[in-house]
Amino acid sequence: MALISVQSEDFDINSEIATLKGDNKDVGAIVTFTGTVRDIGGTLQSMTLEHYPGMTEKELERIAGVAEERWPLLGCRVIHRFGTLAPGDNIVLVIALSTHREAAFKAADFLMDYLKSSAPFWKKEQIGEDENWVQAKEKDETALKRW
Amino acid sequence: MALISVQSEDFDINSEIATLKGDNKDVGAIVTFTGTVRDIGGTLQSMTLEHYPGMTEKELERIAGVAEERWPLLGCRVIHRFGTLAPGDNIVLVIALSTHREAAFKAADFLMDYLKSSAPFWKKEQIGEDENWVQAKEKDETALKRW
Amino acid sequence: MNIKYFSWIRESIGKSDENLTKPDVVVSVKDLLDHLSALSEQHATALGERVFVKVAVNQVHTDHGAPVNDGDEIAIFPPVTGG
Amino acid sequence: MNIKYFSWIRESIGKSDENLTKPDVVVSVKDLLDHLSALSEQHATALGERVFVKVAVNQVHTDHGAPVNDGDEIAIFPPVTGG
(Lines give C-alpha, C1' and ligand atoms only; values in the text may rest on other atoms or scores of the structure.)
Protein backbone atom coordinates (compact mmCIF):
# COMPACT_ATOMS: atom_id res chain seq x y z
CA MET A 1 0.00 0.00 0.00
CA ALA A 2 1.39 3.35 -1.01
CA LEU A 3 1.76 6.11 1.57
CA ILE A 4 0.16 9.36 0.43
CA SER A 5 0.44 12.79 2.07
CA VAL A 6 -0.91 16.17 1.05
CA GLN A 7 0.65 18.69 3.40
CA SER A 8 1.94 22.23 3.74
CA GLU A 9 5.12 21.20 5.61
CA ASP A 10 8.37 20.27 3.92
CA PHE A 11 9.55 16.64 3.68
CA ASP A 12 12.81 14.85 4.41
CA ILE A 13 14.03 12.37 1.79
CA ASN A 14 16.41 10.43 4.07
CA SER A 15 13.76 9.73 6.68
CA GLU A 16 11.11 8.87 4.08
CA ILE A 17 13.45 6.31 2.50
CA ALA A 18 14.32 4.88 5.91
CA THR A 19 10.63 4.46 6.80
CA LEU A 20 9.81 2.75 3.49
CA LYS A 21 12.82 0.47 3.53
CA GLY A 22 12.75 -0.55 7.21
CA ASP A 23 14.76 -3.74 7.41
CA ASN A 24 13.40 -5.18 4.18
CA LYS A 25 16.43 -6.95 2.66
CA ASP A 26 14.65 -7.62 -0.65
CA VAL A 27 15.08 -3.95 -1.58
CA GLY A 28 17.85 -3.40 -4.10
CA ALA A 29 16.75 -0.21 -5.86
CA ILE A 30 15.37 3.09 -4.56
CA VAL A 31 14.38 5.88 -6.93
CA THR A 32 13.29 9.30 -5.69
CA PHE A 33 11.93 12.23 -7.63
CA THR A 34 11.82 15.67 -6.03
CA GLY A 35 10.11 18.58 -7.77
CA THR A 36 11.18 22.06 -6.68
CA VAL A 37 10.00 25.63 -7.30
CA ARG A 38 11.91 27.07 -10.27
CA ASP A 39 12.70 30.71 -10.75
CA ILE A 40 14.56 30.78 -14.02
CA GLY A 41 14.16 34.49 -14.65
CA GLY A 42 15.06 35.38 -11.07
CA THR A 43 11.80 37.35 -10.64
CA LEU A 44 9.55 34.90 -8.82
CA GLN A 45 8.62 35.95 -5.30
CA SER A 46 6.53 32.96 -4.35
CA MET A 47 4.28 30.24 -5.71
CA THR A 48 0.96 29.24 -4.22
CA LEU A 49 -0.44 25.76 -4.68
CA GLU A 50 -4.18 25.34 -4.45
CA HIS A 51 -5.68 21.86 -4.35
CA TYR A 52 -8.98 20.02 -3.99
CA PRO A 53 -8.99 18.50 -0.49
CA GLY A 54 -10.56 15.06 -0.51
CA MET A 55 -10.14 14.43 -4.21
CA THR A 56 -6.37 15.08 -4.10
CA GLU A 57 -5.67 12.23 -1.66
CA LYS A 58 -8.04 9.92 -3.54
CA GLU A 59 -6.43 10.69 -6.89
CA LEU A 60 -2.88 10.21 -5.58
CA GLU A 61 -3.91 6.89 -4.03
CA ARG A 62 -5.49 5.80 -7.30
CA ILE A 63 -2.35 6.63 -9.30
CA ALA A 64 -0.09 4.91 -6.76
CA GLY A 65 -2.38 1.87 -6.86
CA VAL A 66 -1.97 1.64 -10.63
CA ALA A 67 1.83 1.83 -10.27
CA GLU A 68 1.77 -0.91 -7.62
CA GLU A 69 -0.26 -3.13 -9.93
CA ARG A 70 2.05 -2.57 -12.90
CA TRP A 71 5.42 -2.97 -11.19
CA PRO A 72 6.62 -5.20 -8.32
CA LEU A 73 7.17 -2.44 -5.79
CA LEU A 74 8.38 -2.96 -2.22
CA GLY A 75 7.38 0.56 -1.21
CA CYS A 76 5.81 3.63 -2.72
CA ARG A 77 5.50 7.15 -1.28
CA VAL A 78 3.91 10.31 -2.64
CA ILE A 79 4.06 13.64 -0.80
CA HIS A 80 2.65 16.78 -2.39
CA ARG A 81 2.77 20.16 -0.69
CA PHE A 82 0.20 22.95 -0.93
CA GLY A 83 0.18 26.57 0.21
CA THR A 84 2.73 29.30 -0.44
CA LEU A 85 6.27 28.23 -1.34
CA ALA A 86 9.48 30.14 -2.08
CA PRO A 87 11.83 29.66 -5.06
CA GLY A 88 13.92 26.55 -4.48
CA ASP A 89 11.40 24.98 -2.09
CA ASN A 90 10.35 21.36 -2.45
CA ILE A 91 6.92 20.76 -4.03
CA VAL A 92 6.56 17.03 -4.53
CA LEU A 93 8.34 13.81 -3.59
CA VAL A 94 7.83 10.41 -5.18
CA ILE A 95 9.74 7.34 -4.00
CA ALA A 96 9.62 3.83 -5.47
CA LEU A 97 11.42 0.81 -3.97
CA SER A 98 11.90 -2.48 -5.75
CA THR A 99 14.24 -5.43 -6.00
CA HIS A 100 15.58 -4.27 -9.36
CA ARG A 101 16.23 -0.83 -10.81
CA GLU A 102 13.98 -1.05 -13.85
CA ALA A 103 10.73 -1.31 -11.85
CA ALA A 104 11.78 1.47 -9.46
CA PHE A 105 12.70 3.88 -12.29
CA LYS A 106 9.59 3.14 -14.32
CA ALA A 107 7.19 3.41 -11.39
CA ALA A 108 8.62 6.76 -10.25
CA ASP A 109 8.58 8.14 -13.81
CA PHE A 110 4.99 6.89 -14.35
CA LEU A 111 3.82 8.34 -11.01
CA MET A 112 5.15 11.78 -11.93
CA ASP A 113 3.60 11.74 -15.41
CA TYR A 114 0.19 10.79 -14.02
CA LEU A 115 0.40 13.09 -11.04
CA LYS A 116 1.21 16.03 -13.36
CA SER A 117 -1.88 15.47 -15.47
CA SER A 118 -4.45 14.23 -12.97
CA ALA A 119 -3.72 15.31 -9.38
CA PRO A 120 -5.95 18.36 -8.70
CA PHE A 121 -3.33 21.00 -7.94
CA TRP A 122 -3.05 24.47 -9.45
CA LYS A 123 0.00 26.71 -9.25
CA LYS A 124 -0.13 30.48 -9.07
CA GLU A 125 3.06 32.51 -9.45
CA GLN A 126 3.63 35.81 -7.67
CA ILE A 127 5.96 38.01 -9.75
CA GLY A 128 6.30 41.60 -8.57
CA GLU A 129 2.77 43.02 -8.40
CA ASP A 130 1.41 40.31 -10.71
CA GLU A 131 -0.18 36.99 -9.96
CA ASN A 132 -0.40 34.44 -12.76
CA TRP A 133 -1.91 31.00 -12.86
CA VAL A 134 0.56 28.58 -14.42
CA GLN A 135 -0.70 27.19 -17.72
CA ALA A 136 -0.93 23.44 -18.23
CA LYS A 137 1.53 22.04 -20.74
CA GLU A 138 0.37 19.98 -23.66
CA LYS A 139 3.48 17.83 -23.28
CA ASP A 140 2.19 16.68 -19.88
CA GLU A 141 -0.77 15.14 -21.69
CA THR A 142 1.36 13.58 -24.43
CA ALA A 143 3.74 12.18 -21.80
CA LEU A 144 0.93 9.82 -20.74
CA LYS A 145 1.02 8.06 -24.09
CA ARG A 146 4.30 6.45 -23.07
CA TRP A 147 2.55 4.22 -20.53
CA MET B 1 31.09 18.82 -14.28
CA ALA B 2 29.90 15.68 -12.53
CA LEU B 3 31.14 14.86 -9.05
CA ILE B 4 32.50 11.32 -8.80
CA SER B 5 33.49 9.43 -5.66
CA VAL B 6 34.72 5.89 -5.14
CA GLN B 7 34.77 5.32 -1.40
CA SER B 8 34.32 2.77 1.37
CA GLU B 9 32.21 5.13 3.55
CA ASP B 10 28.45 5.43 3.33
CA PHE B 11 26.78 8.44 1.71
CA ASP B 12 23.98 10.81 2.74
CA ILE B 13 21.36 11.60 0.09
CA ASN B 14 20.03 14.79 1.72
CA SER B 15 23.43 16.41 1.97
CA GLU B 16 24.47 15.31 -1.52
CA ILE B 17 21.31 16.90 -2.98
CA ALA B 18 21.89 20.08 -0.96
CA THR B 19 25.48 20.36 -2.24
CA LEU B 20 24.44 19.85 -5.87
CA LYS B 21 21.48 22.20 -5.73
CA GLY B 22 23.07 25.01 -3.74
CA ASP B 23 20.92 28.08 -4.42
CA ASN B 24 20.43 27.31 -8.11
CA LYS B 25 16.84 28.36 -8.76
CA ASP B 26 16.81 26.85 -12.26
CA VAL B 27 16.54 23.37 -10.72
CA GLY B 28 13.03 21.94 -10.93
CA ALA B 29 13.66 18.19 -10.93
CA ILE B 30 15.95 15.99 -8.84
CA VAL B 31 16.15 12.24 -9.45
CA THR B 32 18.16 9.94 -7.20
CA PHE B 33 18.90 6.26 -7.57
CA THR B 34 20.24 4.27 -4.62
CA GLY B 35 21.38 0.70 -5.03
CA THR B 36 21.44 -1.44 -1.88
CA VAL B 37 22.73 -4.89 -0.90
CA ARG B 38 19.89 -7.42 -1.35
CA ASP B 39 19.53 -10.57 0.69
CA ILE B 40 16.39 -12.15 -0.77
CA GLY B 41 17.01 -15.60 0.64
CA GLY B 42 17.99 -14.26 4.06
CA THR B 43 21.30 -16.12 3.97
CA LEU B 44 23.77 -13.43 2.87
CA GLN B 45 26.34 -12.52 5.51
CA SER B 46 28.16 -9.84 3.59
CA MET B 47 29.13 -8.65 0.15
CA THR B 48 32.58 -7.50 -0.86
CA LEU B 49 33.08 -5.09 -3.73
CA GLU B 50 36.44 -5.15 -5.49
CA HIS B 51 37.28 -2.42 -8.00
CA TYR B 52 40.07 -1.20 -10.26
CA PRO B 53 41.46 1.97 -8.63
CA GLY B 54 42.35 4.55 -11.24
CA MET B 55 40.19 3.13 -13.98
CA THR B 56 37.02 3.20 -11.85
CA GLU B 57 37.10 6.96 -11.35
CA LYS B 58 38.00 7.50 -15.02
CA GLU B 59 35.17 5.28 -16.23
CA LEU B 60 32.57 6.91 -13.96
CA GLU B 61 33.71 10.34 -15.14
CA ARG B 62 33.45 9.22 -18.76
CA ILE B 63 29.89 7.90 -18.28
CA ALA B 64 28.81 11.03 -16.41
CA GLY B 65 30.34 13.15 -19.18
CA VAL B 66 28.23 11.35 -21.78
CA ALA B 67 25.08 11.95 -19.69
CA GLU B 68 25.94 15.64 -19.35
CA GLU B 69 26.36 15.93 -23.12
CA ARG B 70 23.06 14.18 -23.86
CA TRP B 71 20.81 15.93 -21.33
CA PRO B 72 20.74 19.51 -19.99
CA LEU B 73 21.80 18.69 -16.45
CA LEU B 74 22.28 21.23 -13.67
CA GLY B 75 24.12 18.74 -11.48
CA CYS B 76 25.27 15.16 -11.58
CA ARG B 77 26.70 13.01 -8.78
CA VAL B 78 27.95 9.41 -8.74
CA ILE B 79 29.14 7.69 -5.56
CA HIS B 80 30.11 4.01 -5.62
CA ARG B 81 31.26 2.18 -2.52
CA PHE B 82 33.83 -0.62 -2.33
CA GLY B 83 34.89 -3.00 0.44
CA THR B 84 32.74 -5.23 2.62
CA LEU B 85 29.07 -4.32 3.01
CA ALA B 86 26.20 -5.84 5.00
CA PRO B 87 22.70 -6.72 3.71
CA GLY B 88 20.67 -3.53 3.36
CA ASP B 89 23.74 -1.31 3.04
CA ASN B 90 23.99 1.34 0.34
CA ILE B 91 26.19 0.46 -2.65
CA VAL B 92 25.73 3.21 -5.20
CA LEU B 93 24.14 6.65 -5.49
CA VAL B 94 23.37 8.51 -8.70
CA ILE B 95 21.77 11.97 -8.68
CA ALA B 96 20.70 14.04 -11.68
CA LEU B 97 19.36 17.61 -11.46
CA SER B 98 17.65 19.40 -14.29
CA THR B 99 15.06 22.06 -15.03
CA HIS B 100 12.53 19.46 -16.15
CA ARG B 101 11.79 15.94 -15.01
CA GLU B 102 12.37 14.12 -18.29
CA ALA B 103 16.08 14.97 -18.49
CA ALA B 104 16.65 14.11 -14.81
CA PHE B 105 14.91 10.73 -15.06
CA LYS B 106 16.61 9.78 -18.33
CA ALA B 107 20.08 10.80 -17.19
CA ALA B 108 19.85 8.86 -13.90
CA ASP B 109 18.47 5.78 -15.67
CA PHE B 110 21.19 6.00 -18.36
CA LEU B 111 23.94 6.46 -15.77
CA MET B 112 22.86 3.31 -13.92
CA ASP B 113 22.64 1.22 -17.10
CA TYR B 114 26.12 2.28 -18.18
CA LEU B 115 27.65 2.03 -14.74
CA LYS B 116 26.29 -1.53 -14.40
CA SER B 117 27.98 -2.67 -17.58
CA SER B 118 31.19 -0.68 -17.68
CA ALA B 119 32.34 0.50 -14.23
CA PRO B 120 35.06 -1.95 -13.10
CA PHE B 121 33.47 -3.34 -9.94
CA TRP B 122 33.03 -7.00 -8.98
CA LYS B 123 30.77 -8.30 -6.23
CA LYS B 124 31.52 -11.33 -4.10
CA GLU B 125 28.84 -12.74 -1.81
CA GLN B 126 29.63 -14.41 1.52
CA ILE B 127 26.95 -17.02 2.30
CA GLY B 128 27.72 -19.29 5.25
CA GLU B 129 31.11 -20.85 4.54
CA ASP B 130 30.86 -20.10 0.81
CA GLU B 131 32.11 -17.19 -1.20
CA ASN B 132 30.66 -16.64 -4.66
CA TRP B 133 31.45 -14.06 -7.29
CA VAL B 134 28.22 -12.58 -8.60
CA GLN B 135 27.64 -13.43 -12.25
CA ALA B 136 27.05 -10.64 -14.77
CA LYS B 137 23.55 -10.49 -16.18
CA GLU B 138 22.94 -10.55 -19.88
CA LYS B 139 20.07 -8.11 -19.39
CA ASP B 140 22.58 -5.51 -18.21
CA GLU B 141 24.13 -5.64 -21.66
CA THR B 142 20.79 -5.54 -23.48
CA ALA B 143 19.69 -2.60 -21.29
CA LEU B 144 22.29 -0.49 -23.11
CA LYS B 145 20.45 -0.85 -26.41
CA ARG B 146 17.78 1.52 -25.07
CA TRP B 147 20.14 4.48 -25.29
CA MET C 1 -25.91 19.51 -6.09
CA ASN C 2 -22.80 21.14 -4.68
CA ILE C 3 -20.61 22.89 -7.24
CA LYS C 4 -16.98 23.63 -6.38
CA TYR C 5 -14.70 25.93 -8.37
CA PHE C 6 -10.90 26.00 -8.36
CA SER C 7 -8.01 28.14 -9.61
CA TRP C 8 -8.84 30.90 -12.11
CA ILE C 9 -12.35 29.53 -12.65
CA ARG C 10 -12.98 30.11 -8.94
CA GLU C 11 -11.50 33.62 -9.12
CA SER C 12 -13.40 34.48 -12.29
CA ILE C 13 -16.76 33.34 -10.89
CA GLY C 14 -15.93 35.00 -7.59
CA LYS C 15 -16.85 32.12 -5.27
CA SER C 16 -15.41 28.77 -4.36
CA ASP C 17 -18.67 26.86 -4.31
CA GLU C 18 -22.43 27.13 -4.68
CA ASN C 19 -25.43 24.89 -4.10
CA LEU C 20 -27.95 24.25 -6.84
CA THR C 21 -31.06 22.16 -7.29
CA LYS C 22 -30.53 20.27 -10.50
CA PRO C 23 -32.94 21.54 -13.21
CA ASP C 24 -34.70 18.72 -15.11
CA VAL C 25 -33.10 19.75 -18.41
CA VAL C 26 -29.63 19.17 -16.93
CA VAL C 27 -28.69 15.57 -17.66
CA SER C 28 -24.99 15.69 -18.54
CA VAL C 29 -21.94 17.66 -17.40
CA LYS C 30 -22.25 19.64 -20.62
CA ASP C 31 -25.87 20.55 -19.79
CA LEU C 32 -24.74 21.72 -16.35
CA LEU C 33 -21.96 23.88 -17.82
CA ASP C 34 -24.51 25.44 -20.21
CA HIS C 35 -26.88 26.09 -17.32
CA LEU C 36 -24.15 27.62 -15.14
CA SER C 37 -22.92 29.81 -18.01
CA ALA C 38 -26.36 31.44 -18.14
CA LEU C 39 -26.29 32.40 -14.43
CA SER C 40 -24.03 35.46 -14.77
CA GLU C 41 -21.51 37.18 -16.98
CA GLN C 42 -18.75 35.92 -14.68
CA HIS C 43 -19.93 32.34 -15.08
CA ALA C 44 -20.15 32.79 -18.85
CA THR C 45 -16.57 34.10 -19.01
CA ALA C 46 -15.12 31.47 -16.68
CA LEU C 47 -16.77 28.57 -18.49
CA GLY C 48 -16.59 29.95 -22.02
CA GLU C 49 -13.62 28.05 -23.38
CA ARG C 50 -14.81 24.51 -22.78
CA VAL C 51 -11.49 22.90 -23.71
CA PHE C 52 -10.05 24.50 -20.55
CA VAL C 53 -12.93 23.39 -18.35
CA LYS C 54 -12.30 20.10 -16.55
CA VAL C 55 -14.88 18.41 -14.38
CA ALA C 56 -14.85 15.87 -11.57
CA VAL C 57 -18.09 14.26 -10.39
CA ASN C 58 -17.93 12.95 -6.84
CA GLN C 59 -14.14 13.49 -6.89
CA VAL C 60 -13.54 11.44 -10.04
CA HIS C 61 -12.40 13.00 -13.35
CA THR C 62 -15.16 12.76 -15.97
CA ASP C 63 -15.74 14.01 -19.50
CA HIS C 64 -18.43 16.49 -20.47
CA GLY C 65 -20.75 13.71 -21.66
CA ALA C 66 -20.98 12.07 -18.22
CA PRO C 67 -24.34 12.15 -16.39
CA VAL C 68 -24.92 14.34 -13.32
CA ASN C 69 -27.42 13.74 -10.52
CA ASP C 70 -28.85 15.85 -7.75
CA GLY C 71 -26.72 15.24 -4.67
CA ASP C 72 -23.52 14.95 -6.71
CA GLU C 73 -20.41 16.88 -5.73
CA ILE C 74 -19.35 18.56 -8.97
CA ALA C 75 -15.93 20.22 -9.22
CA ILE C 76 -15.10 22.54 -12.09
CA PHE C 77 -11.51 23.58 -12.70
CA PRO C 78 -8.87 24.35 -15.33
CA PRO C 79 -6.27 21.74 -16.40
CA VAL C 80 -4.19 20.79 -13.37
CA THR C 81 -0.63 22.11 -12.93
CA GLY C 82 0.77 20.35 -9.86
CA GLY C 83 3.88 18.21 -9.60
CA MET D 1 53.94 -4.37 -19.73
CA ASN D 2 52.09 -4.50 -16.42
CA ILE D 3 49.24 -7.02 -16.27
CA LYS D 4 46.55 -6.63 -13.60
CA TYR D 5 43.98 -9.28 -12.72
CA PHE D 6 40.66 -8.80 -10.94
CA SER D 7 37.86 -10.83 -9.34
CA TRP D 8 37.87 -14.58 -9.98
CA ILE D 9 40.49 -14.27 -12.68
CA ARG D 10 42.83 -12.80 -10.04
CA GLU D 11 41.97 -15.58 -7.58
CA SER D 12 42.31 -18.30 -10.20
CA ILE D 13 45.73 -17.09 -11.37
CA GLY D 14 46.75 -16.49 -7.74
CA LYS D 15 48.19 -13.03 -8.13
CA SER D 16 46.86 -9.54 -8.67
CA ASP D 17 49.47 -8.42 -11.15
CA GLU D 18 52.62 -9.38 -12.97
CA ASN D 19 55.20 -7.66 -15.17
CA LEU D 20 56.08 -8.99 -18.59
CA THR D 21 58.30 -7.96 -21.46
CA LYS D 22 56.09 -8.08 -24.52
CA PRO D 23 57.17 -10.96 -26.82
CA ASP D 24 57.45 -9.92 -30.48
CA VAL D 25 54.69 -12.32 -31.52
CA VAL D 26 52.21 -10.56 -29.22
CA VAL D 27 50.55 -7.84 -31.27
CA SER D 28 46.91 -7.89 -30.14
CA VAL D 29 45.04 -8.45 -26.87
CA LYS D 30 44.14 -11.90 -28.20
CA ASP D 31 47.83 -12.71 -28.76
CA LEU D 32 48.57 -11.63 -25.21
CA LEU D 33 45.77 -13.81 -23.79
CA ASP D 34 47.16 -16.78 -25.77
CA HIS D 35 50.67 -16.06 -24.48
CA LEU D 36 49.47 -15.75 -20.85
CA SER D 37 47.40 -18.94 -21.12
CA ALA D 38 50.61 -20.86 -21.89
CA LEU D 39 52.36 -19.59 -18.72
CA SER D 40 50.69 -21.98 -16.25
CA GLU D 41 47.72 -24.25 -15.72
CA GLN D 42 46.13 -21.56 -13.54
CA HIS D 43 46.49 -18.98 -16.32
CA ALA D 44 45.02 -21.45 -18.81
CA THR D 45 42.00 -22.12 -16.59
CA ALA D 46 41.39 -18.46 -15.71
CA LEU D 47 41.60 -17.29 -19.31
CA GLY D 48 40.03 -20.33 -20.98
CA GLU D 49 36.52 -19.08 -21.62
CA ARG D 50 37.35 -16.00 -23.67
CA VAL D 51 33.76 -14.72 -23.71
CA PHE D 52 34.16 -14.10 -19.95
CA VAL D 53 37.53 -12.39 -20.32
CA LYS D 54 37.30 -8.60 -20.56
CA VAL D 55 40.32 -6.40 -21.12
CA ALA D 56 41.21 -2.76 -20.53
CA VAL D 57 44.35 -1.26 -22.06
CA ASN D 58 45.62 1.78 -20.17
CA GLN D 59 42.36 1.85 -18.19
CA VAL D 60 40.09 1.92 -21.26
CA HIS D 61 37.84 -1.01 -22.24
CA THR D 62 39.02 -2.65 -25.45
CA ASP D 63 38.11 -5.69 -27.53
CA HIS D 64 40.40 -8.65 -28.09
CA GLY D 65 41.49 -7.35 -31.47
CA ALA D 66 43.01 -4.16 -30.07
CA PRO D 67 46.81 -3.70 -30.27
CA VAL D 68 49.03 -3.91 -27.18
CA ASN D 69 52.40 -2.26 -26.67
CA ASP D 70 55.23 -2.68 -24.22
CA GLY D 71 54.68 -0.20 -21.40
CA ASP D 72 50.88 -0.61 -21.55
CA GLU D 73 48.88 -1.22 -18.39
CA ILE D 74 46.72 -4.21 -19.27
CA ALA D 75 43.86 -5.23 -16.97
CA ILE D 76 42.16 -8.59 -17.35
CA PHE D 77 38.86 -9.26 -15.59
CA PRO D 78 35.46 -10.95 -15.82
CA PRO D 79 32.33 -9.01 -16.83
CA VAL D 80 31.73 -6.26 -14.27
CA THR D 81 28.99 -6.59 -11.61
CA GLY D 82 28.90 -3.28 -9.76
CA GLY D 83 25.98 -0.92 -9.35
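Before moving on, here are some points about what is shown:
All chains are identified by letter, namely A, B, C and D, in their written order; residue positions are counted from 1 within each chain.
Basically, a contact is a pair of C-beta atoms (placed from the backbone, for glycine too) under 8 Å apart; a residue touches a chain by one contact, two chains touch by 3 or more.
As the structure is a computational prediction, the values presented were derived from the model and not from experiment.
Most remote chain with respect to subunit A, judged by CA-atom centres, is D. Chain centres here are Cα averages; for subunit A and subunit B they lie 23 Å apart.
Here the CA centre of subunit B is 26 Å from the CA centre of subunit D. Per-chain Cα centroids separate subunit A from subunit D by 48 Å.
Looking at subunit A, residues 35, 101, 112 sit in touch with two or more other chains. Shared interface positions of subunit C, i.e. residues touching 2 or more other chains, are given as 83. Working note: touching chain pairs come out as A-B, A-C, B-D. Residues 4, 6-8, 56, 59-61, 75, 77-83 of subunit D are the ones touching subunit B in the complex. Contact residues of subunit B toward subunit D in the complex are 35, 49-52, 54-55, 58-59, 80, 91-92, 112, 115-124, 133-136. Those residues of subunit B lying in contact with subunit A across their complex are 12-14, 17, 21, 23, 25-40, 42, 44, 87-88, 99, 101-102, 104-105, 108-109, 112, 143.
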